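Data block below; observations after.
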Amino acid sequence: MDATILGAAVINGLLLGGSYALVAVGLTLIYGVLHIINFAHGSLLMLAMYGAYYLLVKAHIDPYAAIPLMVVAMFAAGYVLYRGLIGRFSHGKDENILLITLGLSIVLENVALFFFKGDSQTITVSYSDRMVALGPALVPLPKLVSFAASLVLCAALAWFIARTETGRAIRAVAKERQGARLVGIDVEKIFAVSYGIGIACLGAAACLLIPSFYVSPSVGNLFVIVAFTIVVLGGMGSFAGALVGALIIGLTESLSGLFLGEALGQIGISLIFILILLFRPTGIFNK
Amino acid sequence: MLEIRGLSKIFGGLRALDGASLDVAEGTIAGLIGPNGAGKTTLFAALTGFLVPDEGSVRLRDEDITGRPPHLICRRGMVRTFQITQPFAHLSVRENIMVGAYLHTPDRALASARAEAIAQQVGMAELLERTASGLTLAGRKRLELARALATQPRLLLLDEVMAGLNPPEIDELIPVIQGIRTSGVTVFLIEHVMQAVMSLAENVYVLSYGKIIAQGAPRQLAADPIVIEAYLGHGAAKRMAASAHA
Amino acid sequence: MNWKIPAALLAAALAYPFIFRSNFAINFGVLVLFYALIGQAWNIAGGYAGQLSFGHAVFFGTGAYCSTILQLKLGWNPWPGLAAAAGAGALVGALIAALSFRFGLRGSYFALITLAFAEVFRILTNAVEFTGGGLGLLIPLKRGAANFQFAERIGFYYAILALAALSIGIAIWLKRSRFGAQLAAIRENEDAARALGIDTYREKVKVMALSGALCALGGSFYAQYYLYIDPTVVFGLDKSAEMLLVAMIGGTGTVYGPLIGSLLLTLVGEVTRANTEAQGLSLIIYGSLLILIIGFLPNGLVELFKLRWRRKARA
C-alpha cells in the first residue's frame, strides 16, 4: 500500500469525522443526556441545509454568515417541535418518542420532496473549490473549516453544560428527573430547551456542511445511523466522546472504503454499531 | 423446604447480604422482618434468581438452586411476588392469573378455570374481567398473590403484600394467607405490618445490615433487645426498659 | 370465540375478484393483502410481544433473495423456494434475536440494532456479485402457476390471500394460546413474566423466528410478483417503516389491526397516485397518521371499531 494514499485516506477520514461530529454533538445532547432517541435528526439536518441553501440562493447570505440566524431558527424549531408535538404525544414513553420522530422524519423528508423535488442541489461560493495542501492530501478549504468548527462546537457545548445555569438544570434533569422536579426545575421545559439546543447544533452543522456537500430530501439518511453510532460509541452525553467517536467513524469509513472498496466499505459503521450496542451500550469511554 | 447458607450479595463494596443463613420448614409460615434497607428484598431477589448471589447457597427441597434463572426456580416450585406490584397492566385480571396457570398446562380452558378458582380463593372473583391497570392497590396486591399461586408453588415468597393496605383490607387478607398454608403451600413473607406478622408467622427471622441477627416466635422477638436496637438504634432497648420502670 | 368475523372476511376476500374484475382492482387487492401480511409479521413481534423493530426489512429481503437465488443459481422451483424463504427468515430472526436478547437489549435499543442488521444485509447484498450487487436480480419470465408466475393476476391474488390468511390465523391462534399469553406477559412486564416461570429469552427468540418467517414469505411473494429485487428496495428502511406503519396505524397487538392499516394505507396510496403528480404525498399522510395515532389513539384505528361494537352491544 502506498503511504501517500494511506496518508490521504487518513486525513480525509479525519475530516469526514469532523463533519460527522457536527451532526452528532446535537444528538449526543438529546440522546445521551436526556435518553430521547431522536430519529428525526437526519431530516432536521436536511431541513437546515435547505435553509442555508435558500438563504444563499435567494437572499445572498453566505452560509458562514448565516450560522447565527440558522442556529436561532433551528433552536426555535426544535423547541416548538418538542413542546407542541414530541413531549405532548409521547405520553412519557421512550418508544413513543422513537416512533413519533420516525413519523416526523418520514413527513419532513416527503414534504421536502414535494417542495424541492428529488434532485441534489449544490452551491458555489468563492471558497468552494479552494484547496489546501495538508501533508499528502489536498483538501477543500470548507472541509477544513468545518473540522475546526466541530472542535469549537463541542467545546462550546461542553462549556455550556458545565458552566451555565441552564446547563446545570439540564444535567440535573439528565441525572435525576424526579429530584430535579422536586427542587423546582420545570422538567418539561428543560427537555424542550435541550431538544432545541440539539437541533440548533444542526443549524450550525448545515451552514458548515453545505459549501462542500450537496442537499437533497434524503441527504439526512446518510447521517442517521452514523450519528447514532458515534453517540453510542462516544458514550452517553459526552461531547468529547462524540468528537472522538466521530473521528473514529470517519477514519473507519475512509479506511474500510480504501481496503474493502466503495460498496462494501460502508459495512464497517453498521458492524461497529451492532458490536457497541451488544457489548458496550454505555460507550467505550465510559467505565 | 428451603435452606439458605451463608448467602452474600455485594453491590460495589457494600454487602447488601452478608452471610445470611436461615431455614423455612415445610408447611409453615415463616416471616422475615428488619429495618428499611436491611436487605430483605435483596434476599428474595437472590433466592429467586433475579440476583445472582456472590457467596453461599440456596437449597429448595434438597436441590441446589443457587444462581439458577428465575423461570427455572419458579418451575421448581418457588415463586415470589413483588413489593412494588408488577401487573400485566393492559391485561384483564383473568388473563393475568392465566399467565401463571399456563406454567403447568397449555390448555386454555383449564388455565381459565384455574384462574377462576384462584380468584375465588383470594377474593377477587368479581374482578376477573377488569383490566389490571384499573385495580386499587389492594386489588393489585391480591393480583400479585393470585398470579403467584396460579403457578402451583410449593413455597410462596410474599414481599410486603400488606404494605399500603388499610386495616380492614389487612384483616381480609390474613385469612387468605392462612388458607394458602392450609392448602399445603409453605409461605415465607417479608412484612412491615407487625399485626400481620404476629398473627401469621410461626417463626420469624430478623435481618439487619444483611445479617440474620435473631430468630424465634414473633412474641418472643418483640421483646428481644437485639431486635429493638436494630429497629430503633443503639441504646433503645435500655431506654425503653428504663421508661417502662419509671 | 366468535368465528363470524374471520369467516365473513375470508368469504368477502374470496369473492372480491369476482365482483371487481379489473386489473386495477385485483392489483389493489393484492397490495392490501401483501401489506396486511408483512404488517401482521411485524405486529406479531412488535405488537404481540412488544419487541419494537425498525429493521424488519432484514427478514423481508432475506426471503426475497433466498427464493430468487435458489431459482437463479440452483434452478429451484419458486414454490419450494417460498418454503425455503420462510425457513431462512426464521433462521435470521432467531439469530438476530438470540444475539440481541442474550445481551439484554430492550426497547429502543432493540429497534436500533434491528435497523443496523438490515443495513448490514443491504450493504452486503449491494456489494457482493453473487447477489447481483446494486443492480439487483431479475427473474426470467416463465408464466405459469407451476412457476409461481401466474398468467392472470387473480392467481397472485389467491396466493397472497392464502399467505395473509395464514398470518391472520396465526394472530388469532396467538390470542388464544399459551404462547400468545406468554408473549403478552413479556410485553407488559418482563420481570413479572420471568417470576412466573416464563423463559423470556426463549419465547422472544421464538417469536422473532415466527415473525421473520412470515415476513420472508412476503419478501418471496414480492420477488415473484414484480420479478425484480434490489438491495435498497427489499432491505431499505422504507420497507421496515411500511410494515411498522401498517401495524401501528391499524392497531398493534390486535388481530385485524394490520389488515385495517393496510387497507387504509393502500387506499391512500392509490388515491394520491391517481390524483396528483406529487411524489411522496402518501408518505406525508402515513407519517402524520403515525404521529396522530400515537398521540390520540394508541391502540390504533381498530379501537374505533371496538368502540362502535361496544356501543352497539350496550344499546
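The letters A, B and C name the chains in turn, as written, and every chain counts its residues from 1.
Please note the rule applied: a contact is a pair of C-beta atoms (placed from the backbone, for glycine too) under 8 Å apart; a residue touches a chain by one contact, two chains touch by 3 or more.
Predicted model, so just to flag it, every value in this text is computed and none were measured.
Between chain A and chain B, the least number of touch steps comes to 2. Inter-chain contacts peak for the pair A-C, counting C-beta pairs in contact.
Put simply, the chain closest to the centre of the protein, by Cα centroids, is C. Using CA-based centroids throughout, the chain positioned farthest away from chain A is B. Centres computed as Cα averages put chain A at a distance of 50 Å from chain B.
Annotation: 44 Å between the Cα-based centres of chain B and chain C.
Computed from the mean C-alpha positions, the centre of chain A lies at a distance of 32 Å from the centre of chain C.
Interface residues of chain C, counted against chain A in their complex, comprise 52, 54, 99-100, 103, 105, 107-109, 111-113, 115-117, 119-120, 123-124, 126-128, 133-134, 237, 241, 244, 248, 278-281, 283-284, 286-291, 294-296, 298. Note for the complex: chain C touches chain B at residues 176-178, 181-182, 184-185, 188-189, 191-200. Within the complex, the chain B residues that touch chain C are 48-50, 69-71, 74-75, 79-82, 86-91, 95, 98-100, 102-103, 105-106, 108, 111, 147-148, 150-151.
Those residues of chain A whose C-beta lies close enough to touch chain C in the complex are 37, 85, 88-91, 94-96, 98-100, 102-107, 109-111, 113-114, 117-118, 217, 221, 225, 228, 260-261, 263-264, 266-267, 270-271, 273-274, 277-279, 281.
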